[in-house]
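First chain A sits with chain B, and in the next complex the same chain sits with chain C.
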Partner chain A sequence: MSRAALLVLADGRFPAGGHAHSGGAEAAVRAGRITDAATLAEFCRGRLHTAGLVAGALAAAAALGTDPGELDAAADARTPSPALRGVARRLGRQLLRAARTTWPSPELDALAAAFPKGAHQPVVLGLAARAAGLGPADAAHCALYESVSGPATATVRLLSLDPFDATGVLARLAPELDRVADAAVEAARRAAAEGVDALPAGSAPLLEVMAEAHAAWPVRLFAS
Partner chain B sequence: MHLDHPHTGPAAVSADAHRPDGTRRALRIGLGGPVGSGKTATVAALCRALREELSLAVVTNDIYTREDAEFLLREAVLPPERITAVETGACPHTAIRDDISANLEAVEDLEDAVGPLDLILVESGGDNLTATFSKGLVDAQIFVIDVAGGDDIPRKGGPGVTTADLLVVNKTDLAPYVGSDLARMAADAKAQRAELPVVLQSLRGETGVADVAAWVRERLGAWTA
Partner chain C sequence: MDGVTATGVRASARIVARADGRGATVLPVLDGEGPLALRRVRSAGTEARVMVVGAMSGPLGGDRFTLAARVEEGARLHVGSAAATIALPGQAKGEARYDVTLDVADGAELHWLPEQLISADGSDLHVATRAELGAGARLVLREEQVLGRVGEPSGRLTSRLTVRVAGRTVLDQELACGPGAPGGWDGPAVLSGHRAVGQLVVVRPEFEAHPVPARVLGEYAALVPLTGPAALVSAVAPDALRLRRLLDELLAQLG
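So, the complex of A and B:
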C-alpha cells in the first residue's frame, strides 16, 4: 500500500464531483438543525455511524474484491430515498471517470461497461482504491472521511461558519472515524465470507426524508 | 492486477476528440464572464442564428437556480431535450475548471440522447474575472464582459480577458448612458490580448450576434477539417 496514493484519492480536490454536494447539510441548515460548530459536529457524528458506516463497509468490500454488481445491489437496498440513489450513482459515475484516467485498470473498465450510468459511489471508491494499490482500510477511511468532510465544507459556505471551527470538528471526529473504519473493514471481511447481507445497514431516516424534500427545492446551492 | 489488459470500456479520457463508437464528438465552446454581462442572451442569440444549419445543444451552469436553463427553455431557442442544467455547489469556476466531471457527464449525455451533435455551448455561471474553462471540458472559450460593468475591465486583464479565444464586449448600445469609452475598451483589450480576437456587440443592434456566430462557424470549420 502507498500512503501517498491514499492522499491523492482522499484529497478534497480530487476531481470527482463532490464539491457540488453537501451530504444533507443544506437541508439540515435550512431546517435549523445545523446552526454552529457544535450542531455540525452532531450532524457529522450521526452521518458517520449511519450512512458513513454503510459507505465505508461497501468501499472496503469492493477493495477486497467482492463482486461490484452484488455490492451495488446491496447499496441500493440500503438507500431508501430515490433521490439519494440517483446522487450516489451520479457521483459514482463521476468518480469512475476520474479514477479510470488516474489509475487505469481493467476492473474499473469492466465496472464502467457494466454500469454506464454509474454504480454507487462507495463501490466505485473501493475499486478505485484497489486500482491505486490501496487496501480495504484505506477505502473505508476515504468513504468515512468523505461522509463528514462534505457537510463540513458545505456548512462553511452555507452558514459562513468559521473554516477553522469546521476543520476542528473534523479533527475531533478523527478517533471516532478510525473506530468506525475498523468496524466497516470487519463487516467487509465478514461479507466476503458470508455474502453481502453481512454488510451493515445503518440508516438515518431523516437524511433520507430531507434528501427527497431538498431534491424538489427550486433554489439551492448544492445538488444534494 | 493485469495492467497489460486492453481497455475495452467506453473512453475514459474526456478531451478525446472521438466518442466511444469512433465518431467525432461535437465541438464544445465555453462561455464565461461576470454576472449579468449577457452570457445567456448571447447563447440564446447564437442558438437562433445557428440552429437551422447545425445540430446543437446547451449546458448551463447556474449558481443556485435553474434560471438560465429556464430562460432558454422559455425563449424556446432549442427543444427542451437539447438544454441541460448542471448544479455547481456555490462554485461555478470549480465546475468548469478544477472539477469538470459533472459538465463532462452533461455533454456526453446530450450527445447520447440527441446526437450526433455538431456543437455544444457550455455556459458558465456568472463568476469573476479569473474564471476560465478547463481544456478537458471545452475546445475553445468565449469571455463575455459588458460596457456597463466598467470600461476599465479590459485594462485590468485577468485570465478571462487575457486568454479567452474570443473576448466579447457586450451591450455597446449602453456605452453613452454609463459613460463607457468604447474606443478605450477596444484599445485596452488589444493591448492585453495581442492577436486574439475581440468582438464589440449589441444584441439589440442590427448585426446582433453575427460576429460571434461567424467566429463559431470558423472554429467549427477548423474542428471538422
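So, the complex of A and C:
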C-alpha cells in the first residue's frame, strides 16, 4: 500500500464535495445541542459509533471486493432518511468522478455504469481506495475520519468555534477512531464470508430525524 | 420452558396463523410458556388476536427468550402484550437475549404491537427482531424502548430490527444504549437525554408504486419512505407516553 495515496484520498481538498456537508452538525447547532467543544466531541463520538461505523464497514467491504450492488442496498437499509440517502448518492457521484480521473480503473467505470445517479459514498470510497492500491483498513479510516471531521469543520463556521479547539476534538477522538476502524474491518471480513447482513447497522435516531427537518429549511449554510 | 438453571431461563413461544378458507383466521399453533405465555383474545373481523401475557418477570440476566410467529397466506394476525416487558438484572451473569422472528407470507397481514420494553438499571439485554415478508405481505410493527424506570438510569440495551420484503432488506437498524454502550449514545447525535425511543414500520404493497412523502412531526419524530414497499416512523421523546402519542399520530396520517 502507498501511504501517500491514503493522504491524497483523505485530504479535505480532494475535490469530492464533502466540504458542503456538516454531517448533521448544522441542525444540532440550531437546536442548541452543539454549543462548544465538549458537546461537539459528544456529537462526533455518537456519529463515530453509528453512521461512522456503518460507513467504515461499507468502505472496508468495498475495498475487499464485496459486490458494490449488495453493499449499496445494505447502505439503503441502514439509512432510513431519504434526505440522507440522497446526500450519500450525490456525494458518491462526486467522489466517483474525482476518483475515476485520479485512479482510472475498470471497477470504477463499472460502478459508474451501474449507478448513473450515484452509489452510496462509502461504497465509492472503498472502491476508490482499492483503485488507489489501498486496503480495507485505509478505506475504513478514511470513512470514519470523514464522519467526524465534517461536523468539526462545519462547527468552526457555524459557532465561530476556535479551529484549534475543533482540531483538538478530532485529535482526542483518534484512539477511539482506530478501534472503531478495527471493528469496521472485522465486520467487513465477516460480511465477505457470511453476506452483507453481517455488516453493522448502528443508528442515531436524532441524526435521522433532524436530517429530514434540515432538508426542508429554506435557507441553510450546509447541504446536510 | 427448559426450567430455571444457573445460566438463566430459556423460554420460547410459537404462533402460526392460518386462513380457514371461510374468511377467518385460525391458530393451529399457539405454544407459549412461563414468561412468554400466550392467550387468544376475542377477534375483530377476519383477524385472529393474540396477547402475550408474561407469567414471570424478565428477561433477567442470562435468560434466553425466543418468540416466533408465522402468518400464512391470506391470514391476518394481531399480536399485543398485556403489559410492558421489563429487562432486569439477574442472578446469572451475562446478557439476556430476546429473539423475535416474524414470517409473513404473500397476501398475509401482521399487526405486531407489543407494549414498551423497559431497560431497568443494571440490566443487560440484547433484543433482535427479524421480520421476513413475502412480496404482497402487509405489516404494522411497533417497537418502543424506555431507558430506565421512572427516575432511574438506563440498563444496557442493544436492539436490532431487520425487515426484509421479498428477499430484500428494506430496514436494518441497531440502537445501543446504557452503561458500556459505545460512546456518544446519550449525546447530541443519538438520543440527547431522551429516555424513550421508538420505531413503527409499515409495509404495504401499494407503497412500492406510491411511496409515502417524508413528513416531520415537531422536532423529534419523522415519517419516511424506505427503499421498497415500506415506511418508517421514528421518534424520540422524554417518556413512554409522549413517545406513543407521536407514533400514533404519524401512523394515523398514513390512513
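We take it that the second predicted complex is superposed on the first by the 224 of 224 C-alpha atoms of A that agree within 3 Å, B and C clash if a C-alpha of one lies under 4 Å from a C-alpha of the other, contacts with A are read in each partner's own complex, and residues count from 1 in each chain.
One rule holds in what follows: a contact is a pair of C-beta atoms (placed from the backbone, for glycine too) under 8 Å apart; a residue touches a chain by one contact, two chains touch by 3 or more.
Small disclaimer: the values here were computed from a predicted structure and weren't measured.
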**Request:** Scan A:174 for contacts with chain B and chain C and give back first, second, both or neither.
**Result:** neither
**Request:** Based on the superposed arrangement, let me know which partner A:33 touches: chain B (first), chain C (second), both, or neither?
**Result:** second
**Prompt:** Looking at the overlay, what does A:154 touch: chain B (first), chain C (second), both, or neither?
**Reply:** first
**Request:** Have a look at where A:78 lands relative to chain B and chain C in the superposition and call it first, second, both or neither.
**Result:** second
**Request:** Could you tell me if A:43 is touching chain B, chain C, both of them or neither one (first, second, both, neither)?
**Result:** second
**Asked** Regarding the shared-chain residue A:116, is it in contact with chain B (first), chain C (second), both, or neither?
**Response** first
**Contacting residues of chain B [partner chain A, same complex]** = 1-3, 5, 7-10, 12-14, 63-66, 87-91, 94-95, 98-102, 104-105
**Request:** Could you please specify the touching residues of chain C with respect to chain A in the complex?
**Result:** 160, 162, 168-176, 182-185, 187-192, 194, 197, 214, 216, 219-222, 224-227, 232, 234-236
**Item:** Parts of chain A lying in touch with chain B, wherever the complex brings them together
**Value:** 13, 15-22, 90, 93-95, 97-98, 100-101, 104-110, 112-113, 116, 131, 154, 157, 218-223
**chain A - residues contacting chain C, complex** = 24, 28, 31, 33-34, 39, 42-50, 53, 73-74, 76-78, 80-83, 85, 176, 197, 200-209, 212-213, 216
